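Before anything else, here's the structure in question.
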Amino acid sequence: MKSIGVGLIGTGFMGKCHALAWNAVATVFPDVARPRLVHLGEADGELAHRRATELGFARASGDWRKVIADPEVDVVSLTTPNQFHPEMAIAALEAGKHLWCEKPMAPHFAEAEAMRDAARKAGKAAVLGYNYIQSPAIRQIGRLLAEKKVGDLNHMRIEMDEDFMADAETPFGWKHEAASGYGALDDFAVHPLSLIAVLFGRVLRVVCDMAKPYPDRALADGGRRPVETWDIASALMKLENGMSGTLLVNRSAWGRKGRIALQIFGSKGSILFDQERFNEFQLYVTSDEPTEQGYRTVLAGPQHEPYGAFVPAPGHGLGFNDLKVVECRELIRRIEGDRQARTIGFDEGLEIERTVHAMARSHEQGGWVNVR
Amino acid sequence: MKSIGVGLIGTGFMGKCHALAWNAVATVFPDVARPRLVHLGEADGELAHRRATELGFARASGDWRKVIADPEVDVVSLTTPNQFHPEMAIAALEAGKHLWCEKPMAPHFAEAEAMRDAARKAGKAAVLGYNYIQSPAIRQIGRLLAEKKVGDLNHMRIEMDEDFMADAETPFGWKHEAASGYGALDDFAVHPLSLIAVLFGRVLRVVCDMAKPYPDRALADGGRRPVETWDIASALMKLENGMSGTLLVNRSAWGRKGRIALQIFGSKGSILFDQERFNEFQLYVTSDEPTEQGYRTVLAGPQHEPYGAFVPAPGHGLGFNDLKVVECRELIRRIEGDRQARTIGFDEGLEIERTVHAMARSHEQGGWVNVR
Amino acid sequence: MKSIGVGLIGTGFMGKCHALAWNAVATVFPDVARPRLVHLGEADGELAHRRATELGFARASGDWRKVIADPEVDVVSLTTPNQFHPEMAIAALEAGKHLWCEKPMAPHFAEAEAMRDAARKAGKAAVLGYNYIQSPAIRQIGRLLAEKKVGDLNHMRIEMDEDFMADAETPFGWKHEAASGYGALDDFAVHPLSLIAVLFGRVLRVVCDMAKPYPDRALADGGRRPVETWDIASALMKLENGMSGTLLVNRSAWGRKGRIALQIFGSKGSILFDQERFNEFQLYVTSDEPTEQGYRTVLAGPQHEPYGAFVPAPGHGLGFNDLKVVECRELIRRIEGDRQARTIGFDEGLEIERTVHAMARSHEQGGWVNVR
Amino acid sequence: MKSIGVGLIGTGFMGKCHALAWNAVATVFPDVARPRLVHLGEADGELAHRRATELGFARASGDWRKVIADPEVDVVSLTTPNQFHPEMAIAALEAGKHLWCEKPMAPHFAEAEAMRDAARKAGKAAVLGYNYIQSPAIRQIGRLLAEKKVGDLNHMRIEMDEDFMADAETPFGWKHEAASGYGALDDFAVHPLSLIAVLFGRVLRVVCDMAKPYPDRALADGGRRPVETWDIASALMKLENGMSGTLLVNRSAWGRKGRIALQIFGSKGSILFDQERFNEFQLYVTSDEPTEQGYRTVLAGPQHEPYGAFVPAPGHGLGFNDLKVVECRELIRRIEGDRQARTIGFDEGLEIERTVHAMARSHEQGGWVNVR
C-alpha cells in the first residue's frame, strides 16, 4: 500500500503512545508501509511545535481543525480527553479521514451514538484504542476458546484494578466531578468489556454496585468537596452466549498497578490471565494425566502471533507500548480494507458503552437491568 | 483442667480429621490436658468397631444415642452429613454434652435456629467446624486489620473455588438434589462467610446470582436427570461496617483445588490471601518507600501465633489437619470458659446461615435483599 | 502387627515432632497398629516427667540408658544433639532396639561408620530422619523420573537456604564453634543430599567453596570471637548416573525460611520444586502443544501417595509435621521387614556423610575431590 | 545536540532490534535529537535494499565497508555474527565512527583486546550491547545496593537459562562447532557477567565445570557428529569486593525461555530478580516488622528511572525491545561525552571476556584459576 499520512491530536500519555506506534509499526511489521508523521495538533501553537519536534511530526498547529483539514493527513489519531472526542471525531470522519480514537468514545451515550453514525456514514475506518485485546496471550486465549480447548464455557470472572485514586490525601480533581463520567466504570470497566467482547460476545443483563472509599476530598483552598464519582464498581452479569460472570473494577485498590485478571471456566479446563504479567497466561486442561494436572504458565513466544514480529526468542517479553504497535498495524489493515483485522470499531465500541451505562443504571435503580 | 472424654459421631473426611485433632491437641499445645477418646458412633456396629480401632477410641456403638448417653463422654464431635445435625446436636446438648459440630449447621434455617436455641439453653460450648479462621496467616491478618495497618477498610473480595463438581461426566448424585441444599452456597459460601465474620463483621444486604454449568447429569440406569442445585454463586454485598464487597464461589472450577482467595483494600494498603498457599499472605503498605512498595509475601512462622506450637522454625508450613488441631484447642478453651477463645459458636454460625439463605432468596427474587 | 513400644530420647524441635508422629501414625494410616508411648528420656528426671506428661509418654527417666533398657521399648527415637548420637545409637542397637535417629549421623565420619557397623551387626531397623524425601510431591517427582517423563536426565541444581544465622548481631554460640561441625554442610547439605540419593543416586566428585558472612561475633562478656564454621557452601558435582549438578546451601540467606529448591533437566522436559511450597511442584514437558507449553503447577492431592491418607481433598495441603508421620509409617514398615519401605538407613546415610566430608575436604584443598 | 547519522551492519534479531531503537529513541526520550537512519549494510545488495526499506534506512549496500565509509554515518550499529566483529569494529573505529557493537566482542581474547585497543586509540564511543543492565528493575537494584539497603553484601547467585538447544533432535549446526566458541559461556555467561560488572564489580577467581547433554547430533546426510561446544556451564567464584558467588548457565534447560535469575544476599536483607519477569524485582529487608517481613514484589513504575519515559503509569510493563531503546539513549549520551552514561564499553567488555576465558581454562585444567 501507499504510505499513510498521520495527524495526531493530543500529546498526553496516549498521544505519545500513538506517536511511538506510528513510528515503529513499519519496522516491526514488514508488510506495512512506513507512515508519514504529518501534522500534530495541541491546545496552543507553541506547545504543538515543541511536541511535533519531540514526537517527529513534520507540521504543528494550535488548532485541531487544521490537522483534520490537512490534505496530506489520511488518518487522525485522537487522544484528547473524552469530552472532546465527539466533536473532533465527527469532524474528522466528515472530512473523510480514517480515525483512531482513544477509548471510551464519549461521556454520554447519545454522543457515542452520533459518533457511530458518523463513522457508518463516512465509510472510513474508525477504530478505538482497546489495546489489551492485542497481546499475544489474549489472542492465544481467544484461539484456545475457539478450539474448545477448555470445553464449553460456563463462567468467567474479570477484575481491573489500579491504585491511582487510592490515596485519601489526593486533592479533589476533575476525575471526582460527575461531569467526567461515572468513575471506574469509564476509566476501567470498558477495558474488561473489550476483552469480554472479543472473547465471549455480548452482555445481556447486569446488576451493579458502585462505591466510593472517600466521600469527600480536600480542595486547594482548604475546604473539602464531596466526591461525585465512584472508584469501585462490581457487577454480576449474564452473557448472550449463556455464560454467567462477574466484572469487578477498582481504581483505589492499593498495590494494584495494572491488573486485569481474567478467569475463564469451561467443561474441560480453565484459563487465567493477569495484565500485570501479560507476557504469560495459565492453562489447565483435564486431558493431562491426573497426577500431572496443574495450571501451565505459558510464556509468550514467537508461536503466539504477533510476538515474533517483535522478538524471535520466546520469554523475552513485549511491553505495554508494543500492544499499541499491534493495534496500529491492525488499524492499517482495517484502512486497507482487511476484514480479518482485529479491531474494536465504533459499532462494537458503542455496545461496550451501552453496557457501561446499563451498569450505572443498575446501580441507580438497585437491581438487574437489561443492557438493551 | 481435668482430662476431657470425647465422643465421635461420623467417621468420614471430617470424622478422621476430628480424631487426628483430639489425638494431637495435647502434644501440640502444652497447656491442654490429654483428651480421652472414649466412644465412637457409626451407622452400624461392625463399622463402628473397625473405625474405633483405627482412630483409637476405647468403645464403639452402631447407635449414636449411646455415644451421647455415655457418662464418660464430655464433648461430642459431630461429623455426620448436614441433614442429621439438628437431631443429633440437640440431643447431645440436651444430654449436657459440649458440642463440636461440623459446618454448616443444618439444611433449613428453622433447624439451625432450633440448634442455636438448644445451645443457649444448655449453656454448653457449641462450636462449629470453621477451621479456616484458625490459620496463623488469617489470625495475623486479623491483627493487622485491628491495628489499622492498611488503614480504614473500604472494600473486600472473596472467592472460594474447587473442581470436585467440574466433570460433566460425573453422574447424578445426592449433591445434585435440592434436598441437599442450594449447592455451592452450602458447600462453600459458609467458609468465606466465616472469614468475613471474624475479619469484618456482619453482612447487611446482598444480591446474588447462581448458575449451574451442567443442567442435567447421567443416571445409573442410562437416563439423565435435571440438576437441582447450583455449582456457582456470585454475590455483591454491603457490610455493617460500611465496606462493600463481593463473594464468589464455584465448585465446578476446573483447576482450583482448595482456593479461598481474599482481597482486602484499605486507605493505607491492602492484603491478599489464598488458602491454596495458606502458609503465606501478602501485604502492601503505603508506608514503604515509593520505589520499594510492593506486596510482601509473608511466610508463616513462630511469630504468627499459634504456628510455633507446631514448628519452631519459620517457613516449614502447617497442613490442613493442623488447622483442626488449633480449632480443637480453641474448643477446649471454650469448654474451660475462656472467653478469648477463637471459635464460631452457634450464635455466629446462625448469622452465617442467615446470610446464605438471604443469598438464595436474592437469586430467586432477582434483586437485592436484606439479610435480616 | 502387634503394637510397638516407643522410647524417646530428647524433646527439642525434633523430639516433639517424633512424639506427634508416633501419636498420629496409626490414625492416619489404617494399616498401622497404634504405637504405645512407653518411656521418655531427658537430661534430668524432673524435665523428663514434665515432658512425658506433655507428650503423652507413660514413663520418664533422667537417664537415657533406662529408656534403652526398658523391655517394653521396641524402638528408640533419638533426637538429641548430633554429638550424642554415636554413643546412644550404638547402645540402643546393641540392646536390640530398632532405631529412628535424627540426621546427620555424627560429627565425625569414623563415628558414623561405627554406627553403621552397629546397625549391620544388630540387624535391626536403623532409619535416619530425612523427612523431606517423604512428601507427596517429591515422591511423585521420583515416579516421573522413573517413568522418564522428562526424558534422560542431564543436569540438576539444588539449593537449601534459611536465615537463622543471617543476623550479624546474633552472638557467638555453639554452632559457630568448629566442634559443632562444618556449619551449613552439616545443617543443610545433608538434606539436599538425601533428595539426590533418592532421586538420582550417588555423588562421585565435588568441588566446594565455603564462606562465612561474618568473620566474628559478639561474646557475652563484650569481646568478639572468630566464627569457626561456614554459613555458606557451594559445590559443583558429578553424579554416578552421568548427570552434572550444583548444590548450594546458605544458612545466612535473609528472607529464606525453609527453601529447598530443586531444578531437574532432562531431554524431554524439566521439573521444579521448592520446599517452602512443598504441596506443589512444577512440570514442563515437551509433549504439550508448542503454543501451550509451560510449567504446570501441580498441587498435591490424593492421587499423589500418601497425601490421601491425610486429606481426601486435593489442594488442602500437608504440613511439615505430616512428613514426619509419613516417615514414621515407613519406619514401621521397615521394622516389619517391608523392603519397599522408603527410608534412608544407616548405609545410605553414611554415603551422605561421606559426601559432606568430601565437600569439606575440597574446600580445604581448593579443588575437585573424589567422594570415595 | 545535532542529529546523528546511523549506519547499520547486519539485520538479524539484533539488527532489527537496533533499528527499532534508533527509530524510537528520540520519541521516548525528549532530550535526544532524532537520529537519521542513513545507511544499511547486508551480505548482498538486494537483501540490503529490501531490509533498508523495511527498517527505514535511506541507503543500502551489499558491502559493509561502504556503510563505514559513508560520511553521513556518525555511528555504526554492528550486529553481525561474532566472528566478524573484530574486522568490522576496528575498521569502523579507524574510520572515526562511534560504535555500537553486539556482545560478545569476539571469539578469541586477542581479537577482543585488539578491538579494545582500537577503541582507545580512536577516542570514540565504543559500546557493547549488554541490554539487560538497562532495565528499570536492575537499575533500581543497583541503587538499593549503593544505599546499602540490604546491608553489606556477602553472597550472590546468578543463573541464565534458555531451551533453544534443549531438543536432542535439533541437527548439528554451527553453534555445535568449537569454532563458534565454548557454547553457553559465550552465548549466556557474558550476560550475567555484565550484571555482575555493574552491580558488584570484578571477578577474581573461578572454578568452572561444563557439560553437554547430547554428545553428538544428527547430520543432514544421515550420520552423526560429536558436539564440540558445551550447553551447560557452572562456576563458583570469588569477587574483588569480597563476595563469593555462583554463576550457572544452561542453554538446554527445557522450560526456561529467557531466565536470568539473580539472588543477592546482604547483612540486612536480600534481593531477587528474574529476567523472565523483568518488570518486577523482590526485596526483603530486616527493617520490616518481624510479623510482616517477606519478599516485596515491586512492580516497575515511573519511580524507577527510566520507566516513566515509556509509560507514565506503573505496572504496565516495558518489553525486551524497550531495553535496547534505553541502551541506545545511553550510547547517545556517551557519544555526547556524558560520563554518567550507563554503558559497558570495550574496557569493561574485555574484562567480561577475560572472565569467560578463565572459566573455560578452569574447566580444562580442572581447578580454580585466577581471572588475571
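Each chain carries a letter (A, B, C and D) given by its place in the written order, and its residues are counted from 1.
In the analysis below, a residue touches a chain if its C-beta (ideal position, glycine included) is under 8 Å from a C-beta of that chain, and two chains touch if they have at least 3 such contacts.
All figures in this text were calculated on a predicted structure; none of them were measured in a lab.
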| item | value |
| --- | --- |
| Greatest separation from chain B - chain, by CA centre | D |
| C-D compared against A-C, more contacting pairs | C-D |
| For chain B paired with chain C, centre-to-centre distance based on mean C-alpha positions, whole Å | 34 |
| Chain C-chain D separation of Cα centroids, rounded to whole Å | 41 |
| Whole-Å separation of chain centres (CA-atom averages), chain A against chain C | 53 |
| For chain C, residues contacting two or more additional chains | 256, 293-295, 299 |
| Residues on chain C engaged by chain D in the complex (per definition of touch) | 150-151, 154-155, 157, 159, 166-168, 207-209, 211, 213-214, 232, 234-236, 238, 244-246, 248, 250, 252-256, 263, 265-270, 272, 284, 286, 293-295, 366-368 |
| Residue ranges of chain D in contact with chain B within the complex | 140, 143-144, 149, 280, 282-283, 285, 288, 290-299, 303-304 |
| Contact footprint of chain B on chain C as seen in their complex | 13, 16-17, 19-20, 23-24, 26-28, 30, 34, 54-56, 162, 164, 256-259, 276-279, 299, 301, 310-322 |
